[in-house]
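Letters are used for the chains, namely A, B, C, D and E, taken in the order the chains are written, and counting of residues starts over at 1 for each.
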Amino acid sequence: MPNDPLIPMIGVVTDVRRDTPDVKTFRVNALTGGKNFAHMPGQCAMLSIPGVGEAMFSITSSPTNTEYLEFSIKKCGCLTDWLHRLEAGAQLTIRGPYGNGFPVEGALLGQDLLFIAGGIGLAPLRSVINYVLDKRERYGKVDIVYGARSADDLVDLEEIRASWAHAPGVDVHLTIDRAQEGWEGNVGFVPNYVRELGFAPTATALVCGPPIMIKFVLGALAELGFARTQVYTTMELRMKCGVGKCGRCNIGSKYVCKDGPVFRMDQLDELPDEY
Amino acid sequence: MRELTNAICARAKELLQSGAAGRVLGWAPGEFFYDPTPGVFSEGRLNELVYDGFTAANLSKYCIAESQKEGKVLVLLKPCDSYSLAQLVKEHRVKRENIYALGIPCEGKLDMRKARAKGVEGALSFREEDGQVVFETLYGEVRLAREELLLERCLCCRGREYAGVDETLEYALPELPKRDRFQKVAALEEQTAQERYAFWRGELSKCIRCNACRNVCPACSCVQCVFDNPQSGVAAKANSTEFEESLFHIIRAWHVAGRCTDCGECSRVCPQSIPLHLLNRKFIKDVNELYGEYQAGADPAARPPLVNYTPEDPEPSAVLERGRA
Amino acid sequence: MSLYAMDRARLGELYEALGALGRVYLPTRKNGASAFLPYGEEGSEADLSLLLCDKSPKDLFFPQSEELVKFRLTGAEIALQEAARQKEPFVLFGVKACDLQAIEVLDRVFLAEPVDSFYQSRREHATVVALACARPAESCFCTAFGIDPTSPQGPCDAVAWLTESALYLRPCTEKGETIVSCFAGFAPADEKEVAAQQAAARAVLGRLPYGQLDLSRFGEASDELALFDHPAWEELSAHCLGCGSCTFSCPTCQCYDIRDYDTGKGVLRFRCWDSCMYKDFTMMAHGTPRKTQKERFRQRFLHKLVYYPKNNGGLFSCVGCGRCVKKCPANLHMIRVAKALGGEPRAQ
Amino acid sequence: MQKIGVFVCWCGSNIAGTVDVGRVVEAVRQEPGVAFAADYQYMCSDSGQNLIKSAVKEHGLTGIVVCSCSPRMHEATFKKTAAAAGLNPYMVEIANIREHCSWIHKNMEEATEKAIVLARAAIAKVLKDAPLTSGTTEVTKRALVIGGGIAGIQTALDIAEAGFAVDIVEKQPTIGGRMAQLDKTFPTLDCSACILTPKMVDAGANENIELFTYSEVESVKGFVGNFTVTIRKKARSVRADLCTGCGECTEKCPSRKTKNEFNMGMDTRGAIYIPYAQAVPKIAVIDREHCLHFKTGKCGLCERTCSAKAIDFAQEDELVTRNYGAIVMATGFQMIDPSGFGEFGYGKSKDVLTSLEFERLMNAAGPTGGHLVCPSDGRHPKHIVFIQCVGSRDTSGCGKPYCSKICCMYTAKHAILVRDKYPDVSVTVFYIDVRTPGKNFDEFYRRAVEEYGVQYVKGMVGKVTREGGRLKVQGSDLLNDRQLHLEADMVVLAAAIEPDPTARSVASMLTASIDTNGFMTEAHPKLRPVESPTAGVFLSGVCQGPKDIPETVAQASACAAKVIGLLCKQKLVNNACVASSDPLLCNGCSSCEKVCPYGAITYEERELNDKGVRRTARVAVVNEAVCQGCGACTVACPSGAMDLKGFTNQQIMAEVDAICR
Amino acid sequence: MPLNTSAPAQTGEYRPLIVAFCCNWCSYAGADLAGSSRLTYPADVKIIRVPCSCRVNPLFVLKAFERGADGVILCGCHPGDCHYTTGNYYTRRRMTLLFSMLDYLGIERERTRVEWVSAAEGAKFSATMNDFARTIRALGENRKLRDLRCGN
């Protein structure tokens, strides 16, 4: 391990998978094989291409995966453009893990879980879902609501259909914004779909997606009777150091990279509205 | 000074009442006598407006944002400030129709840094008496000649002409010294390259890249500065090497060349006391000597020297050999 | 611990002798500005009587720019080489009480887990000598933060007092003792002159205009949301130029950026000062949560007065040095903000 | 990831002789982004191009670098190759390792190192290349020919014959130019006027041709296919629609002291005049500078004389603005004033003439009606000395460094004409070299020597002085190594020819470049000799360089062919390397607009979404059809909003970085 | 530490690094002509092709110095002959002022140069580059205006 939190390790891209037109999933291994580090679901890592930049990404693979780390990355800026050009065999730098993660070994144990994701928002939840599915007995019923603009924009559709949909006690509810040929699932926005599906407020909800989706999902959950203490989300703010020092990612007195990125909604309520 | 402040307030009040403007951009009192801050006043708060030896801030740059807002703002401009506004208007950076520019007289602004350097410690208040400034301090009273405390730009005051104001407020004030503003530039030009290099290294090495000079500069009004743009190839936040210190200041001076009105704000606000105006004045001096006198902001129709040419312009090689054997 | 004194006229000899402990950084005037600079540089003039240097001593621990790691890229391969940490000891002499407290503030950031090893190596190799203030300025308001400038306390190895004729020194660590032992000019001394100076200075402190600045609304127990939504921010921040003169002059501001520089032969990753006042500070590919200068301005002041204290047992991350009072181009400084927020909201 | 292919050309031994191409290939393989590198003997050959094409396909290349000769040679070739392989042609960069490397360096080590650096720079640039697509513009189906001499006339006639409208602008009151002033032409001794005037008449009568005589180009805007030209039709003070060309007025005009330009000032004309009998159009013109009416307000004799009521003293200059697809420069030449060469006594004695003056002197329509007499006193000459290379091939700085090309031949012609018509007159020619490279040229010269007994003396004349009514010529005879002192009645100077001075101002309006001698620069001296580097501007006749009549006519027709080729196109493909402004960075300050030579930049208010912050701003907009891609705006822009496609700030900086690595 | 890394390793002789910006229409063609006429000049000179000398941003010049160039020369069409009519007139003002500023800051003024070279002046191009390279060689390394991190 390096001698300073800011000094990264070398990671090797061992596989690149195109999920959607603008999302690719990268498999990363340590130089010597295996994982660069262990993590908990919901934690992040700082990836970088020297000379291009550094940015924080959710680790999409489950901690139960002992072979490699995975990152689903949407092309949206300079660094992600570069990352998307990488092919298997390329090297990058990686440091982490950062943040608190979802309380999979705490508050979520034994709970019914309702995962609600939109678009690339599935990335951090995928780690939790796979963790939960691998340790299926520790948790209650699992519902996954996942939506995107179109069927082409659903990340990991293969895995969802091949694995999640058939897992015991798991219901997968897919939706897309607008009808499209060959799509037989639901059509409509995620918040409305959540409302239609009418989940019981006994479950714990884990929500991730674009801010506007989160906002309306929270409204829908409130209508369904979910308390703020039953809803978790994960934040995406500009994190630079990852270790709570560079002064960028705070919301009031909380640092997203240290105290988050996973927050329970009632915790967020206590913070200034600046995210 | 109180009398002049009253006159300004009175005229501002009339203008607000007449509907010429809806608010006033002026100077609000600070927590000390020397730290007034730019402020916007409604009619009811005009009595808070200050205008004295320390209201040095050039308000022109604030007009960029103010003029985007609804309604018309009355802005108080000292003669030299008015050129900055005129230049901004010329560059379409200020919506002129939302501005009412009132030219106000100036007898030169004071530099607290000079006062401190001359031994004014713990100053609590000041008053002006017969060309002297009297400071009450924690350690007793200190009297200094006013001229000793003038800001660099005021020592080389270019007079009481205004550019492009809607009206001026007449008020008799004593004349200011009119030193040659190019004296120091010329003196540097006389030195050897090695001496000049040593001088500028000494000065620029103090730079902390706080960007105060840039952000206060009315000519540096870019939506996004090249030094903040990661795509520009020169973006940098902090000085990492001597080169970056030089690069930033050369390019900044270059980008404002032909547009800089020599308002001197850059040097006034530099927390590290770097005489940045000497860079701008070098360009101004060169332009004046090579392409004819040019004062940015003075003539709304004149083509700025760097977007202009004549077929007879001197050659770079000839210019570098100027005045050398 | 015991007090020593030396002849003020022999300060030069002391500085030379301190050289045995490492490079000596002193309050120094150079080219019309002041900073903690190595003793003996050409064109510089060390001056312990400077009340405050233009630049705080923070860059000796947290330099404006420092290399973290170097990458060499060959084909697809990345080779990585960590930058060296501080290995040479050095002496930081003449830190005022406010700046000393600022080091404490920085320590709690950089030495908190995970420890920043670059900062740590510099702190470990430093011998810090504090210096009491004899003639505070009107812009000083350290006392509002409970700092006694006549008797500096905090992460230092010795405390010094400079009088008309002598320099007094009270070591407070073993490292501090070595200062006394490395210079023969020190002799045990009594407290009389020091006490007299302290008394005189305290009398002045009592007359500071903002020595008792009301900070009761801020700190660990403050109402974060109320202060965040305070109506005064709008007007306070309206004329902020968004420069970093406050940040970069401030002894406690420690926001940083990590950037890469392509040297043509490799890539240097370096850390540099950044300012939360800059509009690109929190800029992401799709926008920024702090959209206007109001949010950025508020962040800086609330960080010092509320967020930091809440995370650090009530310790403010403003130390009342007054540099922002002197440096802000628009005079939008801590005193103004604390007054505006601390009292009743100003009538609109 | 970009996948760059690098192709290193040997150019036979041109490159490979000095640059170790193998090492270049090895070195560039290490560069980031390079997926393929190869060398080949002739990359521009079909098989070379095929190598590129197959590598693009096989390796999925996204951009290519060709290390070869100058991009001015084969950039277009390789762009086409890339396009054929399915790559965007702007993903091609050339590293010039021939002209800029192998040809100028002798040391293999040094040249190889430099070639690697140049290749690296090109790789760095191509890595930042973006595919560009060109817009298209319509072509205005009309051409403008500037200059109505034989070159202009021939070009216009050919274009008109192809069915396109063409306008001729001629500053003189008639077309015809210099050729109209010549007596006979070499080497056939045709009568110049006899062969020219039918063409002049054709031009005047052709329904596709419109003549703007006594006119000048006032301004030119636009670009290839879309020029907008304003022509100033100077006031003739004579209504063209009424004047019958009867010449009545010219006879009556009381002002008779004006030097007659047509006769090189050797006689005079009236203030109202028709330049010569065969002028086209045959319309009188009043020279206001010398007209009594305009000088004194009196007179008006012509007005009273004219039965057609064509005189119009109130006539004003008229500005005509027209659109053209192509512009032809046919501005011709003039003879230099040899009075700068004091030793020849030109200007001191009337009997020292230039060749063109002599031409008029021999002409039946000339000042003496074709009688060869000494201008000083009208006596019949006994001995005429011709001096060649007066001001040509002159490196002293007084004259022209180039060979005027036509002098040797016309001097031979003059000598023959004199000896033929006046066998009693002896003729001596001083020459440096006699240059006769042309069909029947040397034969012609030999006839002068052998048949007509013209004395050719190799040597320069040192001095011509007047002595007792005759001229004394002092010269050296190099072949016999002696000084000659000759008595002569007339000395004729074969003065250098130079481009017409108006060419310079017209060229600058056209943004066409001019060489140090004032001749128009060709797009390529060998391969594109009738095109200017400025697209849409073509070169006809002596404005491009000295030539004789057949060459001029040949070039004029070649030029016409090029114009016709352009006018035949339905649409033109624009320059893809144009400026573009990032609205989010634009300050709207107008600096860029001020430096744009084409008026390609305008401003508009635009609603912007700046990373979530909405604002309305005045921003610059570039007209891509008008922008020629100079990049002046990019430097005037302080915020870096303005950039130039194909030569972006990032690309140039990447090249700098690569070179300085 | 040897600052210049571009020098051939086998000779101890100092080889400067010279960046020449050449406009496409005149000077680049002039350089081509120098090449086809086999008029040599030192390999220290590396040419960057720009459409017009007016494309050269002062940032490029400074960037070259930052990266370790020892001299920067700009070549364009002769004033009045610019392919784009006026480009080199702006270049002339810009570079006059910029180079005067560099001189003012104490940078050796011989390190910067502007020359007008037409497409026909291959000989002038070669002579200019020879002279400039000689001048820079005599001046030695650029130490005042470079980023010390470069080349590492």
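Convention: a residue touches a chain if its C-beta (ideal position, glycine included) is under 8 Å from a C-beta of that chain, and two chains touch if they have at least 3 such contacts.
Quick caveat, the model's predicted, so the values are computed rather than measured.
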Chain closest to the assembly centre - both centres taken as Cα means: E
Between D-E and C-E, the pair joined by more C-beta contacts: D-E
Farthest chain (mean CA position) relative to chain A: D
Computed distance of Cα centres, chain E from chain B, in Å: 36
CA centroid of chain A to CA centroid of chain C, Å: 39
Centroid spacing, where centroids are CA-atom means, of chain B and chain D in whole angstrom: 52
Whole-Å gap between the CA centroids of chain B and chain C: 30
Residues of chain B touching at least two other chains: 226, 232-233, 240, 306-308
Residues of chain C touching at least two other chains: 73, 257, 261-262, 264-266, 274, 283, 286, 288
Where chain D touches two or more other chains at once, by residue number: 595, 636, 649, 653, 657, 660-661
In the complex, chain C residues that touch chain A: 68-69, 71, 73, 76-78, 80, 82, 109-110, 112, 114-118, 224-225, 228-229, 254-258, 260, 262, 266-267, 269, 271, 274, 276, 281-286, 288-290, 295, 299, 302-303, 306-308, 310-311
Touch list for chain E against partner chain C, complex: 5, 67, 147, 149-152
List of chain E residues in touch with chain B within their complex: 58-59, 62-63, 65-66, 79-80, 86, 89-90, 92-109, 112-114, 144-149
In the complex, chain C residues that touch chain B: 30-33, 35, 43, 51, 54-55, 64-65, 135-139, 204, 207-210, 235, 238-239, 241-245, 247-249, 257, 259, 261, 270, 272-275, 278-280, 325-333, 335-336, 339
Touching residues (chain side chain D, partner chain B) in the complex: 584-591, 594-595, 603, 610, 615, 617-618, 636, 638-641, 649-650, 653
